[in-house]
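I have a structure I would like to understand better, so I am pasting it below and will then ask my questions one at a time.
A, B and C are the chain letters, set down in written order, and residue numbers restart from 1 in every chain.
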Amino acid sequence: MDTSTIRSMIEQLRSKRIAMLGKDFLLTWEKSPEEIEATFLVADILRAMREQNISPRAFDSGIAVSNFRDNSTRTRFSFASACDLLGLYVQDLDEGKSQIAHGETVRETANMISFLTEAIGIRDDMYLGEGDRYQREVGKALDDGVAAGVLPSRPTIVNLQSDIDHPTQSMADFLHLAHYFGGLDKLKGKKIAMSWAYSPSYGKPLSVPQGVIGLASRFGMDIVLAHPKGYDLIPEVVEMTKRQAAASGGSFTYTDSMDEAFKVADIVYPKSWAPYDVMLRRVPLLHAGDKDGLKALEKEALANNAKFKDWECTEEKMKLTKGGKALYMHCLPADISGVSCEAGEVAASVFDRYRDDTYREASYKPYIIAAMILLGKFDRPAELLDRLVARTKPRVF
Amino acid sequence: MDTSTIRSMIEQLRSKRIAMLGKDFLLTWEKSPEEIEATFLVADILRAMREQNISPRAFDSGIAVSNFRDNSTRTRFSFASACDLLGLYVQDLDEGKSQIAHGETVRETANMISFLTEAIGIRDDMYLGEGDRYQREVGKALDDGVAAGVLPSRPTIVNLQSDIDHPTQSMADFLHLAHYFGGLDKLKGKKIAMSWAYSPSYGKPLSVPQGVIGLASRFGMDIVLAHPKGYDLIPEVVEMTKRQAAASGGSFTYTDSMDEAFKVADIVYPKSWAPYDVMLRRVPLLHAGDKDGLKALEKEALANNAKFKDWECTEEKMKLTKGGKALYMHCLPADISGVSCEAGEVAASVFDRYRDDTYREASYKPYIIAAMILLGKFDRPAELLDRLVARTKPRVF
Amino acid sequence: MDTSTIRSMIEQLRSKRIAMLGKDFLLTWEKSPEEIEATFLVADILRAMREQNISPRAFDSGIAVSNFRDNSTRTRFSFASACDLLGLYVQDLDEGKSQIAHGETVRETANMISFLTEAIGIRDDMYLGEGDRYQREVGKALDDGVAAGVLPSRPTIVNLQSDIDHPTQSMADFLHLAHYFGGLDKLKGKKIAMSWAYSPSYGKPLSVPQGVIGLASRFGMDIVLAHPKGYDLIPEVVEMTKRQAAASGGSFTYTDSMDEAFKVADIVYPKSWAPYDVMLRRVPLLHAGDKDGLKALEKEALANNAKFKDWECTEEKMKLTKGGKALYMHCLPADISGVSCEAGEVAASVFDRYRDDTYREASYKPYIIAAMILLGKFDRPAELLDRLVARTKPRVF
């Protein structure tokens, strides 16, 4: 890759009709096809610039806030890497250390942390029905702050995982697919199996499978969602996916057989999640801090999981896929049988074979996040990138 | 605002006779009137530069240490924003994580964290009689380190709240007032009511009211301090305020009636604090980790607070102020009746009307902190700012 | 010092035959004499550049990961200062906050945190037999990641203290010695006493004494290791030291008398550590979380320590040294009798006399760390430094 390739990607970007300035990136299905493509393009451009030692630093100073309401290693590092690449300093909003517990409203805090802030990354995935709502509440507070002249500009919110979607993950997943198959247009007609898989833990959010089907349905793919009966996703998200799949010339089907889903699949994404119903029942228990109730729910859920130990991505199941060679995907960390647990989502030999692929899949996330921020903050991203390339400032001197 | 306005502010700054290089910013009353004005000017210049996309980054690298011995959200973000704006990287001195608990002396730690450090922000407001002393002890250790040739330069200490003063808050408050009323000189003769207010919590530091009266008394204002009998501030600070008020052509009076204080006031600052006496008794209990003693003291203090529930900034009280339109101020977060607590410092309708004003008030804090650092580190601040403007490096490329 | 001095140090650096690119800095005895000298030279050059206000910022962006598996203040600040000086943003890998506890392998985490990472600093000194191994495991994972094309470049690992060596400490110690005595070559024939000293705590790692003798034995020094019988270091490290001492034209002897060690010593380094045997027995107890077992071991070890309270660096002992004026060294914090504990490693009057020297000793650490990173990341360090000097970009504008 040389500068001419970068220039040509910038030209493609210039041709996209997008309206992302001042907007947040919360759900992929709120973005137009051209906006999705623009995000992929900017991610690829930023990566290419870094690989060619052209600094993409667009800010000489500026704050990026990270607000993790659930644990994270990889997304934390991806966000920090993305912000640093653009020149932003990450300041963690640690609600334990802060005075938020002392009665501060979301509205007030959102403004207080934003006087010199360009981007805010939020993870809030534990409370079904609340994570996305919290992100929108922060967004509304920022809108009000800008309207009142309190804030000099509108920080862009990047959803680092909500109860509904995990767009930095799904966008990284599909940028990986675009590179793996030789282009986004190559995804049309490909079969992707988004399948539940057994795990000896419970309470994993629904946002990854929802994010995957919500995005896969934009590219004319044949999506098969597989899970044991009762392990439903949020019904509205599934309905929305069906409509999108049809509109993009693809299809969406559900099966309660992992084997069925894997048959001639081009891509398989076996991943555990908690049933919608369990996640719903968990919310009031979490709010009440009801440890006994949570323990009872966990016991019940794990007992139910145990009925489906055969939902494991084994070598046998992989043989069912197209030519036995479907691409295995995972958001990591995976529950690997005999490695991270006794029995889990995937056989060790399968995971080993695709380990580097899953690492490569993850490697797109920092660039996706940087692209989301850049597109939320710059009115003419193609011109900005043009000027950044022309500046020829090396990242490493 | 354009560059000519910035240039004119720089000219005003150049005319000030100041001696702030190598000095800490611990108490506003240790600074001369011209030094106070210079700090306001630099804050306004930095803000204007940022608004016009001129990068005020004066450091290509350098460490700023934040040492929070009490919780903080807004001041933490203000400090980080200020340091990042100037080009400094904030490293938190977390005394929990560090070896300070293992017998390190303040003297040693102060040197160990300062080899490449330009600024140190310290919050230590819980222990009456100790917070300010700790900051001075750190300062003395840094002086010794410089004298011994151990440190290449003297980091500037910024008081992010001590037991005595909260200068980043009060300076932000008064820069807000200067903009609100059209200039610092417009404050002369204005009546400001610094009033205690009811809160269902206890143990709030005295540094905010002390900081407010300590600074208000520099500008010829008519200060009324109001609190129930027994809710005294540090006597020496009140005496100092009286002297300053007289010297600046203003006045200082005390009343035990909130209504009296509010009458024809131009500005009201209703805010809860713990009585001096309670704060004093609390110190040995905190040191001893005496939970029962603290609980008993809290119970006693809350019972006493409860006698003064009518010390609330209501619509009725606001009507007593000049034209019923005094400016309401608060350092945030406020205890808002019916919102953050059942009954508190301020009625919800009053707070709502002034919400944006309080946010604007807070928005000056990052620039005040940046100004304090800049003036502590640069011998010729006007020349530096001149050159930064002439450099025409954009903050956002 | 002026630019010509810097240029001359760069010329010396250019003449060194080194192969440090893409390598980690884990143990000083894995580095050739010229590599050790190159590291000292780069540290001195970076310090001189900063003192002359020439910015050594080599990266416009990039991540440095800090992974502290044990507490730290000074090393944490040294690492942050070093990284910031070079232009890297430090992101802490906090294994408490992260999902590492949820079954992630070291291999996976190492890759996940490294997509845009240039350096990784690791402290892992509590588990004898494991700290160094962990660092190598991370290194191997990074090698694999680069080989698989997952990582764009190999982050350099800097050992911030393992169970075996503490190279950032020992290298800072010896750069201090080189400046104190007027050159590395002046160390030949000097007598250094690395002596155990009494402390009322237990479980201090062996890495400092091992690091000191492991490095001292490169310069033809006469090393005396002194400790009570039973307070052994790792036998292999002692054997290696003997071989190195002989090869460099120096000597290595052991004595169980502190007095004997101090006699006509040029340098004394009295410092407590736990016996090898105790550290070994502690590992399974730590892994098992066996609090009772740990308490019993601590009791036994402290009772044993108490037999050797006379192993204190007193004025009387200092009189035994060469001219009574040996240089006292310590990695800090020291257990100072009557100051940080009742009876400890060093008498207060001795420590007071050498306090500034120990601070100066510590002041080299940020530059040593920056040198290690720079040499691990840049193929032609002399040319890089040449260009950085020629760029004449001020660190402070």
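Couple of notes before you dig in:
The rule is short, and it goes like this: a residue touches a chain if its C-beta (ideal position, glycine included) is under 8 Å from a C-beta of that chain, and two chains touch if they have at least 3 such contacts.
Nothing here was measured: the structure is a model prediction, and the numbers come from that model.
Of all residue numbers used at the contact between subunit A and subunit C, under half are used by both chains, marking a mostly different-residue interface. Remark: rotation between subunit B and subunit C after Cα superposition is 120° (nearest 5).
For the pair subunit A and subunit C, the distance between mean C-alpha positions equals 41 Å.
The residues of subunit B that reach two or more other chains are 57, 89, listed in rising order.
Partner subunit B is touched in their complex by these residues of subunit A: 57-63, 65, 89, 91, 93, 97-100, 102-105, 108-109, 111-113, 115-117, 145, 148-152, 377, 384, 387-388, 391.
Residues 50-51, 55-57, 68, 71-74, 76-78, 80-81, 84-87, 89-90, 201, 332-333, 335, 339-341, 356, 359-360, 362-363, 365-366, 393-397 of subunit A are the ones touching subunit C in the complex.
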